[in-house]
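There are two complexes below, and they share subunit A, which is joined by subunit B in the first and by subunit C in the second.
== the complex of A and B ==
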């Protein structure tokens, strides 16, 4: 018995981490070598961007898996943190870029501009579209990249902390909590949709693909840089998440998922564990958003609507909950498939009397396949890997062996 | 003063017998040029003169404004009616003439009609008197006031009241005697009509003035600088506009002035490159000012001195203080009553919104109570009901009949869909509520896209029958559209039906038993699976009915359900599950609250929704299980 309890190094206990990191490294190198900026140019820049964005979605899915697959909270508001991260980085991108443009145009005047005039010009440029010319209070730090980067972590983290504290302390759980998280993201989206919220209403923030200070560098190169950054962030977050769920902390978290009341009776501060995981996941999601939107180029409040968060849950469910690599597989496979099918490039199916046009029918197929996965393959795509690795669910047939014989049942004990 | 007298004369003349009319003949002879080429500005006295000549004059005016008046070559006026024509003065039939028709412009016709209206007030025909009153109420003048006062007593009591009201309104606006105006205002005090409030507004219009001492005017109040509605900048702007103070220098003016005076890379001795600093700009401007290159601008000290030496007043345009006091008092009373009525109107709005949420949420609440699952496809059942209504309407032309068919059909269709969904998906996911939530979400996106594929993306109309169009209007403020009343009645009906099923039928008994304790219910011989299926079908069926109701006032699109689903969730969460009164309370709270927030912040419905959701999140802190929580063993599940 003592041999089993000796702690092996983290990596040895989790060989899948190495596999994921290796696949990620190979993928990144391959895309780099095939890109227009650093290699043969087989992969066009737009595809590099799609792949980079997909890595960011996978990062968000890993965070979702932490919250749902391990902690058991089906958060339907996860994309609120994603979009918040995007908005916060977008503020700097847009402000700094507009400032350089306005400064250049004001330099044409015979008199050099005062700082107040410069700011007024920037505010006019950014907020003219919503009929305002003042820089809102929430843009106070938009000129500073370090502060905005800090806010990318701090604001979603704080939101998750406050929301989680309110929800967990009053023991809201299960379906109620899902609805509440959905309400949170809807409230945020509706607030951002207003013109006077300070975030340009439904115009959102745009031109985010132009990085201030890097004017000389073309999009082909930038897209590869962002791919590297996204891959690095995904790798770091994956290691962090895998480390977190593999130790004692992870055991408690999974125990909370399986029977919260029992864990509470055992003396663990359930709310504290939940808050840590929920907040950490929010921050990881925000980083994913901050990397995603400069590649997408535009962000608007529609990104926060509950449907986006539900899709995130769908990816994780199809990929396989409670398996971090499952979340990545789900996000990558489903989001790439979705954009392929809805992009109109998938060949139509010619049935007698009707042509199945995938642009119209993909959603139906996705919805139904999702129902099927939930019904017949609760472990999702990752279940295949379990099977390959010989991890089979116990055959729960037969009587209990008895209180002093452990939790196994007759059939399992024989097998 | 002459025109009221003429109008008076006109009303007296109306009763006189008709005959050849020398007075009219004279007027026409003197003014034939103007009759042929009238002008809006000058025609008024002429019209009054003609009207004063008696019935022939009135008939002539009538024809003139109706473009039925012609002039012959020898200067006679003919009233043309189809193929026949009569002489306007003598009334004799004329056959041989070829008159040139007169076409007065709309301004002139307005003047003529206004003169005619005055005559109509005393017509023996009540319909004509009513039309005349309505016309005066629309566009009254001082002459009308005199005519109304001089007119014989009105026999019809309703018309008499209306005439009294119109007279008062005109008196408020046009009477020369302040005492009469005050009396008219006081007679109407408490009235909340738009016209009354509109008549008061010009009396209470104010303007702001700055003066060294109290001016000799009807002062509304003295303004103190720095008050919320009178900041220092406003005071300075007022002084500037009155020419007391030279305009202050705006940063833009300063920059332009400096830019215009750049000489050899410096402005006023200061290098251009240094002018990014506001202090350096001020120094440069002062230097320019000293050299006389730019006009002097008011300094801070001058502004302070001017503010010190002036007092600021809001004065009424209306000179008489009695009138403004009476108007102010009447306005306050009207506002108070108006606020009360707006409250009632708001209550009605909230009630109808609550009815919709109730209809949309009741199915969700019941299924959640019995099975602990949230059906994300509930919104799509609402949509399905609305599309059923639309399809029925395309098949049955009679709107009322199609509605009568659509309601039960929508119930049947969505009941069936609910049962299928239960048999195929939900029963296999028993005790896994989160998985059920996601699986039904999959169904939801599939159904939505399916609807899009079948019906297209454009909105389909579901038209209400004629008897449901329009609104129940109580007065200017309180009104509610008939459809909303119908939906309220429908919600009441379903509340009753639901209570009946739950309390009086075997099914209801079994549903309640399964809700409270499924295990115990099963051991009593109730089949929980069948009960769950029936409740799921019932809940879905009501969603279909709600869909028809919603479709009647909203556009039917594939996203129809999505607009109501989140509110329905909120209703269930706030109200508490497993109890119809909880759903009712939740719907009332959410409907009422959203209307109140919308009222407090009418310009911004998005903010209203945000605040409401925030309120719900906080509400859940205090009542995590809703307003009417489930108690006992079932609540622990």
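== the complex of A and C ==
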């Protein structure tokens, strides 16, 4: 008698998708009703921004989980894509806003300004700080929102595609690949730090919280709008990621993580699968960045330093690799705790003879918890949900009963 | 008899050690062949070359009619051409169910985007169920492969090979770690499979080879020492010397 293969709709096979979407919806509505713009005002605008940014970090963590938890590539360069997304949207935000300011000031002149004069004025305003008055070539499309939005997807996607093609084709794996991804983000950061990179060197792009064309709308309202956009992006990406890892594609991707060579002998082009997931994850991460930096208001090359990507890996590890909701939990919990502990508001612990100041000790605590999770709970926080849901690894104690008895081991056979 | 696979005087050396030395080997469209030889004779290296894992320093490997060289293809392309390989150690995806393992191996487009659009159908379900019962895992389709016993994993891997519908099957020590009953089943299966495709079995165990009752190729120091029926090669003085020592 053959066991019937169960086939259910996507949602029934993945009930966690519904739970995540419901929690996200409740969260968004609750924050909206408590915000200053749309509700009682219990939550100040700065906190709404922190929550909106946290959703973007969760989005980046979902992408990281695809790459690390499912595909098995510990990428330590994910935040390069995140920051690229921020820079590309920042170009338009800064250009369009500066343009309106320059246009307003030039309007007082007796002769209306020519487009060339206008552009010169904008370039002077933006690049005066790095001693330049020319608009760099990379700002050619900064005047156009649709093109910059397209670039938010295209540039990080292309970078991931080219980098991935070179790395995967030469079969760079494991820790070497991690180092390579780290080198990529570091190289990009060092290039952006230069004044003549065309991205204002270490000044970065600023004033991104002011959305051109929405001058009449205050930050309280804007912060809620960005929270909605971030929540929507997270919801869509979550459904996409869950769909991606649920079917045969997900099966192959997890197989590549576990035994790449064997997958090759099944006839699957391993490099192609890696490229698809890596590129898609880079694009998701870039969208997260493009939503994050308008809420943060400023971006500079320090955001690309490898440490940022390592934090992302720590969040996913603590939340639970290989579980998409684990990545969200890890990113939300750890990043909110981080900002609380390092914000100086956490009460210090007074030990006899020493005062534990959390601003100094939080890093140590985080590092320690990362080590502990890796050693004792490799499934992270999501492991708790696995246990509640009854998804347990088989108890494989005792000796093998021998080939004829099938899979049961001594302990299982007794039970 | 037209040759399906023609290995033409290949050589490969690792750090000066000649693992394969001017080896030539042919196998027909539907033929069962046993390859035996002492440790280090080059049996596994031979399989590595045919499946694209190792590149030979000299020689050519031709496949099918009209013959084309396998040397310019990578492992995945060779697998798609119809060369299936069973490893010595059972390698199945332990974190996934028996059904998932078999579904992945089913003959279908391997392109990432086609895989993304692939949906299970009644036909694919039936195929998976048939394969599972053929290798005696009908009761286990929903279990994770990691929970299976060693012998069951071997069978699952054989099931995955069958799902690929290869034209040439390379089997590395299939009987390793199997019980007597399982060995007999395996022999019967290999003989049956060889009626419709080429099967090359690499094996240490003479009893097992005798049961296969097929042409035998003896490898020694990377080249063919003798070829013929088992009785023929075991009477060969060179073979006796290599196997039994002086």
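By definition in this document, the second predicted complex is superposed on the first by the 392 of 415 C-alpha atoms of A that agree within 3 Å, B and C clash if a C-alpha of one lies under 4 Å from a C-alpha of the other, contacts with A are read in each partner's own complex, and residues count from 1 in each chain.
Just so we're on the same page, a contact is a pair of C-beta atoms (placed from the backbone, for glycine too) under 8 Å apart; a residue touches a chain by one contact, two chains touch by 3 or more.
Being a predicted model, the structure only gives us computed values, none of them experimental.
Of the two partner chains, subunit C is the only one touched by A:264; subunit B is not.
When the shared chain is aligned, subunit B comes close enough to touch A:310, but subunit C does not. Once the two complexes are overlaid on the shared chain, A:110 sits against subunit B while remaining clear of subunit C. Of the two partner chains placed by the overlay, only subunit C lies in contact with A:249; subunit B stays clear of it.
Looking at the superposition, the partner that touches the larger set of subunit A residues, subunit B or subunit C, turns out to be B. On subunit B, the positions that touch subunit A within their shared complex are 251, 255, 258-259, 262, 267, 272-273, 275-278, 281, 368, 372-374, 425, 428-429, 433-435, 437-439, 441-450, 452-453, 566, 569-570, 573, 604, 606-607, 609-610, 613-614, 616-618, 620-622, 624.
Per the touch definition, subunit C reaches subunit A in the complex via residues 51, 53, 74-77, 79-80, 84-85, 87, 91, 93-96, 99-100, 103-105, 110-113, 115-116, 118-120, 125, 128-129, 132-133, 138-144, 146-152, 160, 164, 177-179, 181-182. Listed in rising order, the residues of subunit A touching subunit C in the complex are 1-3, 5-7, 244, 247-249, 251-252, 254-255, 258-259, 261-262, 264-270, 272-273, 275-276, 394, 400-407. The residues of subunit A lying in touch with subunit B in their complex are 72, 74, 109-117, 163, 166-167, 170-172, 174-176, 178-180, 182-184, 186-188, 190-191, 193-194, 196, 306, 310, 313-314, 317, 360-364, 366-371, 374-375, 378.
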